[in-house]
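What follows is a pair of complexes built around subunit A, which joins subunit B in one and subunit C in the other.
Right after this comes the complex of A and B.
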């Protein structure tokens, strides 16, 4: 690489990214112009749904960006938050919290999901990876995380049943703005999700922890020889994964009021689509991908009915992969220098 | 001399699949001195470097740093006891900026979680960043500190790697062929820089091919040949030592003879 391209590359990628955002915004602006208030309402709902997807997509992209493996436990961490929260209320364990039981339940759910994520780190990543080394580098964490997904799901089914359940919150605050109905919890979700992701970006860029994570993404062996304590830094990544999934699940539960042992599968698959769409290993790509998937979902339901959603989202993904294999925001070398 | 030895290698043996690569080697590196470890190709000097840095384990013997055994420490823990290294093939993080790469050297000095999350990249006056910038200018590296290292010239990257190694504030700096791939001018600059970097008492051990570089930089030299120690003394005496001359000339003769037979 010459000096000229090294300096020129970021400029070029910024303009490309800006162009992508402008094009997408223009498409939806056009939709609003043509479709009026009904479409505008769908777009608002789509953005809110997208906020959930993007939070989970960031969890996926962070693990892939740093450790180069697809963490399959993410959907089950999402599910654990919702089901634990419901279970605690259902079993009457939160009587002490009174009117705030829903909040205490959700916080407990997030704590359990985060703890579960740390267990996964201990037993998929650290133990198995250090034992089996490079030959099985990506397969071992991937397969064992898939194992944890099934174990967590079935633990929940065994203890709390396989039914879908209602999780009600004692408020219903809709904001009416320009004739559009915006759920207050939905607005809070979007704000929370973006705030968390912005904080995460800051940590990655400006702190020693962030630098350690980016170094591990580039070369874990050399990072470790240089004194980056991989065994101390990697758990932080899993902690963040648990928190992101827990937060997304808490917002999802408050917004939609439904929990089930399979709630993570749906959101997880959409989040993976969002991540690939945005560019694997790119945080801003995951954000954009999440919003696009959310919007595509609500608009597909509006125009073609609920059964069309999966086909349209995955069809869109395949087209993007063919036209731009690295995703909308992805760089050329997957997993390196992305975060 | 062993009284003020910082690093001591005692009766170290290492074989790979029955081939004895290092045999009963003992030497020491004087505190505050600049020592070279040289030898013809296949002499076992890279193996010796890897044993000291901990990348591979030895079969028997002892390696001590300031009288404390370090040979049982995994490689990643050795930087924590004051042993910092460079790599033969540059191992910088290509997508990180110059200053970030240098700050990596400081990770072994990080104490608690608070330090891990302090937004030092955001505060341009952070002491760690100031230290990185100072060391960078001392090394005579004149580049944009926030540019990625990927596009920089080889000699500059090589020097950045040494600066990174210095950031851990080591007791002993070990360099793996620091002059390899450098042009004569860059080699001379590196030598000057290493002299000034070790002027405050830092102990240096270099594994090197370039004899002129070694003569200009190191006061003490250890020579290996076929895994055995054949010389341990002042650098000035290396060229006149019969065993060393035979090793270099003999090795060359053997190579030529081998190639002739193969052809």
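Right after this comes the complex of A and C.
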């Protein structure tokens, strides 16, 4: 397993990767040139949607890259943030915060999601470290996380109801630029997402914790022989997962103003698609994948109607998996090992 | 039998066949998270043939199995290029594509679904379930089953021992596809209606959970898994969401306490009062080993 080559490491063969980016950018530039302002507006919304997807995709790719664990609780952490934030405001628990109640609510949501993620760590990793030596063992944490998905989703339905709810923010600022409408919160969210991911890349590359994570990605047993305390480093990963999901959900809630117990399912599956498209275990791949999926979504709605989105994105993904299983940026060995 | 009880038995039979479809690939270490896609192919094939007026009504079932088996066969080649998490994701993507295509195609009724003219009674569902169970038990008792177990435990060693891993994996995908198609076809004929929304990713996830919680080591696993998860919630009679919370908690605890699933090889061996298949034998160097 050489996952560490992908996690946070500088991209190898920059030229081919730059080529991929340039080709994708060229396709969209062509679309703008042919389609004019309407298409340009679609691309702007696609990038904003992509910012949400890429943040969640980075959370997915981190857990897979380091632990080879497809964490199915990620959609429910996303949902928890939104629903907890709405629930706190709805039950009138945030009267003290005045005009800032929306922000306090969202921060509380992120905190709850992060705490939930740490609970998940206990049951999917801390208590499950024994290896049973058969081919489906990589499914054990996956199954456990599916269990948590059910628990979180239905606990929220039980306490807060299953309807879609409105989460309003007290400002509405659209920027008009070259005749395009760009929502200020959307712009902030794109910046926020990219900033967090850039910071994460730096942490993985240059800090002690980052090096520990990359060592575990390479080989957990050798990592612990070399003095990495696996039981102390792995929770950090789940902490990051919770924070990234919480951030994405907060941005989503502010942008689109809707929360529901099922809001995570849609975003989660798109983020999985984004991660695979970019290459499992590669952070930059997840970023590119997130943006491509966001753009594909808005453009296919524009051209082929709303029902076509799932089919186009998953069809694209199926083709990518079959033709180039490691995705656009992924390292060869990732996801092929047994761990 | 009351309508309620026969409804449960019908669902149990369909779940059981479906679980065996997922089990046969999992027995060779391949996790299929797009099983609902295969079931949908079978259900829609049966529904289409039935609407074309095939007689007798049951003739659509082998045809549907052939269609979904062929789908499994064809999908196996590209999907088997991937492994582990990628494989799980590739099958997941397949399931999404199938439901997307069915929703888009007006020939299959799109989001409106399809009415199936021929009704098959409960007895044929039970017959189907018995057939699938016996088939998988038989397969797992042959050399083929032994080869699957070898691949499940270590595909590299299996290759070294002369197992044609690739052929076996293609075979299980084909059989799994056909069995999922059987469950879909029976579903279509019994409930007289199919809609693409039913065959969603949640269904794929649940059937995989049945199998993994039941256990992938022996053919008893899916039987235990589907019996447990179909009957226990019904007998508990817990309403709505609490059922899922308890189900989720059971899954999490199960993975902590017994990650190999409810039924394991050692458990089966103990019940059979026979020595376990592999028994360590002391071999003394220098003299021939006599039994």
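We take it that the second predicted complex is superposed on the first by the 314 of 339 C-alpha atoms of A that agree within 3 Å, B and C clash if a C-alpha of one lies under 4 Å from a C-alpha of the other, contacts with A are read in each partner's own complex, and residues count from 1 in each chain.
Rule of thumb we're sticking to: contacts are C-beta pairs under 8 Å (C-beta built on N, C-alpha and C of every residue); 3 or more make two chains touch, one makes a residue touch a chain.
Everything quoted here is computed from the prediction, not taken from an experiment.
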### Query
Looking at the overlay, does A:224 come into contact with subunit B only (first), subunit C only (second), both, or neither?
first
#### Entry: Contact breadth on subunit A, by residue count: subunit C or subunit B
C
### Query
Which partner does A:64 reach: the first (subunit B), the second (subunit C), both, or neither?
second
### Query
Can A:207 be said to touch subunit B (first), subunit C (second), both, or neither?
first
### Message
With both complexes superposed on chain A, which partner does A:215 reach: first (subunit B), second (subunit C), both or neither?
### Response
first
### Query
So, does A:148 touch the first partner subunit B, the second partner subunit C, both, or neither?
second
### Message
So subunit A touches subunit B in one structure and subunit C in the other; where do those two contact lists coincide?
### Response
336-337
#### Entry: Contact set on subunit B toward subunit A in their complex
53, 55, 75-76, 79-80, 85, 87, 91, 93-96, 100, 103-105, 107-110, 115-122, 147-148, 150-152, 164, 168
### Task
Could you pull out which subunit C residues touch subunit A in their complex?
26, 28-29, 31, 78-79, 81-86, 88-90, 92-94, 96-97, 99-101, 103-104, 111, 151-155, 201, 205, 208-209, 212-213, 216-217, 241-242, 244-245, 247-252, 254-256, 259-260
#### Entry: Interfacial residue positions of subunit A with respect to subunit B in the complex
1-3, 5-7, 202-203, 205-212, 214-215, 218-219, 222-230, 236, 336-337
### Residue ranges of subunit A in contact with subunit C within the complex
64, 68, 70, 123-124, 127-128, 130, 132-144, 146-151, 153-155, 157-158, 269, 272-273, 276, 280, 307-308, 310-312, 314-315, 317-318, 321-322, 325, 335-338
